[in-house]
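Okay, structure first, notes after.
Naming follows writing order (A, B and C), and every chain is counted from residue 1.
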Amino acid sequence: MRARNYFVGAAFALMAGGMAHSAVAQDIKIGEINSYSLLPAFTEPYRKGWQLAVEEVNAAGGINGKKLVVISKDDGGKPADAQTAANELVSSEGVAMLAGTFLSNIGLAVSDFANQKKVFFLAAEPLTDAITWSKGNKYTFRLRPSNYMQAAMLVEAAAKLPAKRWATIAPNYEYGQSAVAVFKKLMSEKRPDIQWVDEQWPPQGKIDAGPVVQAVAAANPEAILNVTFGADLVKLVREGNTRGLFKGREVVSFLTGEPEYLDPLKDETPEGWIVTGYPWYSIKTPEHDAFLKAYQAKYNDYPRLGSIVGYQTIKAAAAILAKAGSTDPEKLIAAAEGISMPSPFGEITFRKIDHQSTLGAYVGKTALKDGKGVMVDSSYKKGADYLPSDAEVAKLRPKD
Amino acid sequence: MSAMPPLLAVEGLTKSYGGIHAVRGVSFSLRAGEILALIGPNGAGKSTCFDMLNGQNKPDSGHVRLLGEEITGRKPREVWRLGVGRTFQITATFATMTVRENVQVALISHGKQLFNPFGSAPKFDRGEAGRLLELVGMGGYADRPCGELAYGDLKRLELAVALANQPKLLLMDEPTAGMAPRERVDLMRLTASIAREKSIGVLFTEHDMDVVFEHADRILVLNRGTLIAEGSPAEVRGNAQVQAVYLGEGLVYDARHREGAST
Amino acid sequence: MAFYVVQFLTGLASAASLFLVASGLSIIFGVTRIVNFAHGAFYMIGAYIAFTLTERLSGAFGFWGSIVLAALAVAVIGVIVEMVLLRRIYHAPELFQLLATFGLTLMVEDLVVLIWGPDDLVGRRAPGFRGAIDFFGQNIPSYDLFLIVLGPVVLGILWLLFQRTRWGVLVRAATQDRDMVAALGVNQKWLFTSVFAVGVFLAALGGALQIPRDAVHHAMDLRIIVEVFVVVVIGGLGSITGAFVAAVLVSELNAFGILIFPKISIILVFLVMAVVLIVRPWGLFGKPEAAARKTPGLTVNPWRPLTSNERLMALAALAVAASLPLFAGNYLLTVGSEIAIFVIFAVSLHFLMSVGGLASFGHAAYFGLGAYGVAFLAKMAGLPMIVCLLLGPLLGCMGAAVFGFFAVQLSGVYFAMLTLAFAQIVWSIAFQWVSVTGGDNGILGIWPEKWAASPSHFYWLSLGVAALVTIALRMMVFSPFGYALRATRDSLLRSEAVGINAKRIQWTAFVIAGTTAGIGGALFAYLKGSVFPDNLGISLSVDALVMVLLGGVETVSGAVIGAIVYKALNIWLVSQTDLSKLVLGGFIMLIVVVFPKGIVGMLEMLAQRRRKSSPPGSPLLAKPIESAE
């Protein structure tokens, strides 16, 4: 048990590590957490996005004259590790607020931590509806359009299709399950004549695409809803193309238009899928042009959706901090509720009622261009138009 | 006394593996305090026979009775509880534990304290463990890790462990294999004196004929799974069939040829 | 009807790639007894290298040449790994090689991202196998047909290799009896190296052949490694035919299973493995393991209770630890609590693994059950914290009682794999049963009550429980029960021959270890305020194994040091760098090579040497290190 001495040694090492990061006292610090080592494909562009935002904020004089500093931690894809990181940021680094996270369960873990420790938390990417609704709390705000919003955007387009027999393919975990559930519910409201003929639930990251494609084809649907993404999507698309699953069938697909997911498909990109995404190449607004120019100048690379989310997360944080004029969490909440600000996608607002931002998404169709996948016929859907009524939201959200 | 059943009674013990009869219809009995040797050439079925006596192996048919009680097919641990200790041809000891701890495990089991999670095992029956080790001449080795012992010492340790539950019957499978000639004599002398003193019946297999003829009260000769002779050392020595079996293998059985194999 | 035929063929195609990787693992295990955790990493490197080569070399020859070239290149890497790393540790305690290959895997996961970048890579389709063949209106990809043929061909080649060549005969002999081959004067070193090379070649080939149908990315290894282990175990360790049959069985069950239960894939292989192991403890084609011979030169220091001096020093160390709140901040205290909880978790596994000789690959199940137990009691029943802490671990206890009963019927790697299967079954229940467990979104809001809420109070609570648990388990090691447990570990034959019901002793130990892990889990739930399925996931089970092995599996208290070092380092690295896996993996490999007996094992050895060489007047020198025990 002299072991404890090692422990003390380790403790000192930890303290020393903590100090190395400490910034000057007058700086305003944001603690940022994301799954950098587990999901580098999505978090690298995200990191570039927020780094650009930090640069811009400080170049414009910081927050009410104070320098903005972001201290970033990896969570390794584990909720427990995310909490350790959150704790370090709050207890040791003394950050004014927490921000970030990608996976829904990590977002929820940090949100619960924020609620318990009374810390302001701006969730960047997690999609789960729970974070603003059933498990929402007063300290947590969320930037990216939620599962529900994306489903509602897709349903709008999907309901216009003549198809009546639908099948679903979704990863077997909460995100996939709730995406399918919301889509089915909204779709059935608009189109009571629809039949759901098959559902496939491959494990996330482990799809055995051949049998899944074959099984869906056997049910002979007229349209397919896909929720898989990443490597699973690649396998599904390849098997589906080879086996002719998508021939003559409409496909509606979550997130597939985001460059993170679309680009790897290269010349195998299926054409005509109705998707949500981010066609950075065809957005012609002054706000987006400015962002695109700055991003490409700094990184010599094109932005992914993660870049937008990372950029806007820090921009939003800065706006909230500036408006609050304080780092007191209660004042931050007061400042954030109902705040409006510009974004590369146009003006957005953080709703008072459920702390969801009105950042929207682009809906369009996939197409092949020069051997690469692109989104065509895309249009921006404002987040505000795809949320349930305030009365419904009030019922979904627990009273603080 | 005549109404008292024999300590060990074996009746028609039979075992075959895929059509080959390893042991066929073996019957014999053993009295308390008697030292009985089971001999036979390699592959005669001695070990199979042995394993069936304490439940290591199940016979196809036949009976094993201990003081009249049927123990055929019982598990080794149950047979042990009835007072049957055994040693193995290739020693089986607790290699990472000390010599004393090896004996203490057997004593703990004998005292039915196996599931006691609170007491102090190092102090458990320390005196008794020491006495048993002294008895087999291992008193000076009590704190040595068992894994470091020479082979002969392991055999003696096994004897001490086998004696821990105050057995009525000792089954010893080649107790002196791998030992120097001098040690063999010592060990068997020791075994014999313990057996006589405590009235323990001993059944042992052995390749060294000197050991067998010097210490056994009676000898059983097994060949190809059947008993071909039984009697006092003198009777067995004079038995023509036995001579034929051993002559067939080479006139004098070289006990050392086993040694090379097992060390 | 055509549909079912096609579904069957699709299953066969999935089986082929699984078989390639599994056969390599099986051969390696059969001969070297190494549980090669890095097998998935070699599979992944094979895919990455093949991707790079196929992008550069064009034409049919370029493509197929690239596939073979990639597999050969990875085989060379395998040979280097074997010679530089594994050769040094063949004589280390069993499973230590697992630790080494685990470290390697961690490093590779970060290295591929550094070399090939973070994006998913989609490779070319195989020339000549781009399309599909029409079968009564159903499409069968021609590449699937290629794979369907390839599987049996590889099986046949391996069969010829093993039956018709001297090398093959040696490999088979070594699989059955390693020592005998050594006795025959065969150069064992090169036999092992060549076997490792062949095994790695097969893994890399399996990976390279995925290029036309999969995306290449840095998590490919984890996706396949567990599944491959399962296939090897179902088939029977060391049996190539078994691996083939098991791969087909698993793939077909999946192909048809999803038609009836679309959600079955997530758990199917583990269900099959659990059933197979319960019915056939050595897999479909496996043979009972020959009684493991102790590695020569591996005499362990006899375990002994602490002397009164050492006890005082342990108390002093505990007092120092307890004084941490006097000078440390909230974050450090929370990290301290987490480390204390992992000490509990590690000592519980140590009890099972070192004292009982039962290496569980699924120990996190009981840790997680303890955590979920607390979550249910606190959130659904609304019980007070102290009651939850006392009752929560009972869920771990019950889980251990049920699963332990089946698991202790097996031993060695089969035991390990059955515990893994059970853990995965529990995990998938927690993951899928959304209405009760919240699925992967977990259960939130389990925060400590006021009396334990402050970081210092919670730290004292965790430290106190950790100390109590460690002392209790340590006392148990030196209790009659502990002796009986060690006896069953050392020799089943002898313990049964002295009246010990070995299975029942082991089962009891399993329940004790499971309950103890549950205590750790219960505290963990309150520390984090939430529970998630990954509280009972594979990576947590692996963490526990690493902690025990790192500390020293042959020592009484290695787990304590192992947990402190590993957890502290892990938390620190994750906080400092995104490349924590690279550094941690390198550190683990270094420890394995420098301290083949674990950290505490090494300290003990040094202490012993010093004691022998130093004059009797100065035993004090040895004392402090000894007390680390």
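Here is the rule we use: a contact is a pair of C-beta atoms (placed from the backbone, for glycine too) under 8 Å apart; a residue touches a chain by one contact, two chains touch by 3 or more.
Predicted model, so just to flag it, every value in this text is computed and none were measured.
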Problem set entry | Most distant chain from chain A, judged by the mean position of its C-alpha atoms | B
Problem set entry | Chain pair bearing the highest count of C-beta contacts | A-C
Seminar exercise, completed: Here the gap between chain A and chain C, centre to centre from mean Cα coordinates and rounded to Å, is 32
Problem set entry | Distance between chain centroids, defined by C-alpha means - chain B, chain C (Å) | 42
For this session: Express in whole angstrom the distance between the two chain centres, defined as the mean CA positions of chain A and chain B.
Result: 74
Exercise. Chain A touches which residues of chain C in the complex?
Worked result: 3, 6-7, 10-11, 13-14, 110, 113, 118-122, 130-132, 138-141, 143-144, 212-215, 217-220, 223, 227, 251, 254-255, 258-259, 262-263, 265-266, 313-315, 317-318, 320-321, 324, 328-332, 334-336, 338-339, 431-432, 434, 439-442, 444-445, 447, 455, 470, 524, 528-530, 532, 534-535, 539, 557, 560-561, 564-565, 568-569, 571-572, 574-581, 624-625, 627-628
For this session: Report the residues of chain C in contact with chain B in the complex, numbered from low to high.
Result: 294, 298-305, 475-476, 478-484, 486-487, 489-491, 493-501, 505, 508, 512, 554
Problem set entry | Parts of chain B lying in touch with chain C, wherever the complex brings them together | 54, 56, 75-78, 80-81, 86, 88, 92-98, 101, 104-106, 108-110, 113-122, 124, 143, 145, 147-148, 161, 164-165
Problem set entry | List of chain A residues in touch with chain C within their complex | 1-8, 10-11, 13-15, 17-18, 36-38, 40-41, 43-44, 73-76, 78-81, 83-85, 87-88, 91-92, 104-105, 108-109, 112-113, 115-116, 128, 130, 135, 172-174, 177, 198-203, 205-206, 208-212, 214-215, 217-218, 230-231, 234-235, 238-239, 242-244, 263-266, 268
